[in-house]
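Provided herewith is a single structure, encoded as structure tokens, for subsequent inquiry.
Here the chain labels run A, B, C, D, E and F in written order, and each chain numbers its own residues starting at 1.
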Amino acid sequence: MSERLKEFREFREKMNARILESDNLEIKRFFALDTRAYEAGALPVQTKELMGLVASMVLRCDECVTYHIVRCAEEGVTRAQFLEAFNVALVVGGSITIPHLRRAVAALDELEAATGDLG
Amino acid sequence: MSERLKEFREFREKMNARILESDNLEIKRFFALDTRAYEAGALPVQTKELMGLVASMVLRCDECVTYHIVRCAEEGVTRAQFLEAFNVALVVGGSITIPHLRRAVAALDELEAATGDLG
Amino acid sequence: MSERLKEFREFREKMNARILESDNLEIKRFFALDTRAYEAGALPVQTKELMGLVASMVLRCDECVTYHIVRCAEEGVTRAQFLEAFNVALVVGGSITIPHLRRAVAALDELEAATGDLG
Amino acid sequence: MSERLKEFREFREKMNARILESDNLEIKRFFALDTRAYEAGALPVQTKELMGLVASMVLRCDECVTYHIVRCAEEGVTRAQFLEAFNVALVVGGSITIPHLRRAVAALDELEAATGDLG
Amino acid sequence: MSERLKEFREFREKMNARILESDNLEIKRFFALDTRAYEAGALPVQTKELMGLVASMVLRCDECVTYHIVRCAEEGVTRAQFLEAFNVALVVGGSITIPHLRRAVAALDELEAATGDLG
Amino acid sequence: MSERLKEFREFREKMNARILESDNLEIKRFFALDTRAYEAGALPVQTKELMGLVASMVLRCDECVTYHIVRCAEEGVTRAQFLEAFNVALVVGGSITIPHLRRAVAALDELEAATGDLG
């Protein structure tokens, strides 16, 4: 994994732990719901991760986009499929999403450099 | 189809025609790209419509949600799958999406009343 | 309560019941978290409802605004306090919130017409 | 002016008056700043109203869009110019703005039906 | 105060000064309204800063969140109260606010490291 | 041009090239529409770039704001005109845009330092 992706993951994990060690039960429950939303059910995990990716992109959250790119790749999403998902987000969300699209493609490139061709 | 869905579709079609009969070539091209984004490619139509549905819900656009619900149903999305897609949107977008969730479930109910159980 | 507020509350309650009778456990849990977020804790209920009101206004959700106005009034928020909360939302969210401000003041007027002066 | 535009304007004027008769000085000052932002300065009024129109469209506020369409028409904006402004908003804001584009074109049609061809 | 909070404050103060030394009277007036919105009135300062914090979090503006965290701490908001305010923002705004929640908790930690336990 | 603006432009150009060399025809077409939206037509280029600037600011996208500032300056927009455009965005979008306003004024300062007074 690239340096940038590693740093992102480390800050994410460190602060999630920090949040979950607090006494606020409701926040912990929200984090549990967030995890469960992407688990297999009537829809497969891959579809849910793709929905999470597109939602993150139209809402323009780079961290969320990077997170779902990594998860989608783990679920076997190919480069051509990523680009079609990005295109849906681009059409729905407009040119204001383009800076996020650039960083999403850069994250995809980093991921392929580290793990090999996504297919 | 229910009265409300019929009215929605009629206004939609009338104004789309009105927009496409204008002289603005760029807007027409955007509408073409919008249509093409959901066509079969590396990802199946159903997955793309589900991504469009979740994107519309987190961006809180009732018409877009209704449109993608109708299209998803045509692509065989079941009620249990709809609810899981709604749940992803609810978790990503928060309680501010709940009024749209209410109207989405009402649209789903209207659709089932008109076309029979979605399975 | 005015006709408009009554209709709003009826659709809200009907569809909430419809959503909660579904088999989707995660959505039910989200609704429970939503309720709990405004209960008394380290911060009093009134403060939490005021935070919910301002958040709803900057995110421009009329139903959410109406809901929190009713709840704030039940918690003793006065008209002068409402206007200061609206002003925070107006400054943070800009003139794009003004149509929602108009409907919020109309809801406040309806509420006072039905229940008497808010103080 | 059409029935719909008349109703919109009446509610707008009634509630603005209601807001401005309140004791909240800050809200009144915000309304004054809102008015002044579109007055002639280093940029002409027409350009400012067009900027307000596009901003309202990407932020997806129908009332704001209708208001700026009426003001732009008063400042001599032609139908071809309106469509180019709509196209900028559509490209920047994406397909999620299309329902607002439909209503904007409908408002433009109503305006032309009432006042004659915009040129 | 930590290095990051110091840099944030310095850029903020430098650019605010730069903006206020310009000839644009309207922008100066907006900044004045922004300051006044959080002053004591019918609602206490602490409540207004908490409303500003939650509004900033659901609108996902890290600088605004950091600013209101510092101000809330000055007004005596405790860690448990901060977490309840964050939870309201998380429920209203959804998982898309989580990256901002992580940075908010990091800012809170920095603040406590610099000024001692918030209570 | 300043170091920061140069880096911004380089990443932008590199990733745009990367995106356009992909096999996704729809994304390429979107990029073409994006370019065409700001070309001269019934409205002059300067007005379109100003509309793009204000839209980018209310949607709070720093890269988009920087891009349109550079383009507006090329089209002869003066500092006083920039400030009036910023003010429209500030009034429409609210104080949540202020961090972006700070960075926009910083970008304007960098641009003037590199190319001389904008007039």
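As a convention for this text, a residue touches a chain if its C-beta (ideal position, glycine included) is under 8 Å from a C-beta of that chain, and two chains touch if they have at least 3 such contacts.
Since we're looking at a predicted model, the values are computed, not measured.
Look at the CA centroids: the one farthest from the centroid of chain D belongs to A. For the self-contact between chain A and chain F, the two sides draw on mostly distinct residue numbers; the shared fraction is below half.
Chain pair with the larger contact count among A-C and B-D is B-D, by C-beta pairs in contact.
Work out the mean CA point of chain C and of chain D, and you get 27 Å between them.
Annotation: 23 Å between the Cα-based centres of chain C and chain E.
Contact with two or more other chains is made by residues 26, 30, 33-34, 37, 55-56, 58-59, 64, 80, 83-84, 87, 90-93, 95-96 of chain F. Taken chain by chain, the contacts link every pair, so each chain touches all the others. Partner chain B is touched in their complex by these residues of chain C: 11-12, 15-16, 18-19, 22-24, 26-27, 30, 34, 55-56, 59, 61, 63-64.
Per the touch definition, chain B reaches chain F in the complex via residues 26, 29-30, 33, 36-37. Put simply, chain F touches chain D in their complex at residues 33-34, 37-38, 41-43, 47-48, 50-52, 54-56, 58-59, 64, 78, 80-81, 83-85, 87-89, 91-93. Chain D meets chain A in the complex at residues 58, 90-97. For chain A in complex with chain F, the residues that touch the partner chain are 60, 80, 83-84, 86-87, 90-91, 95-96, 98-99, 101-103, 105-106, 109.
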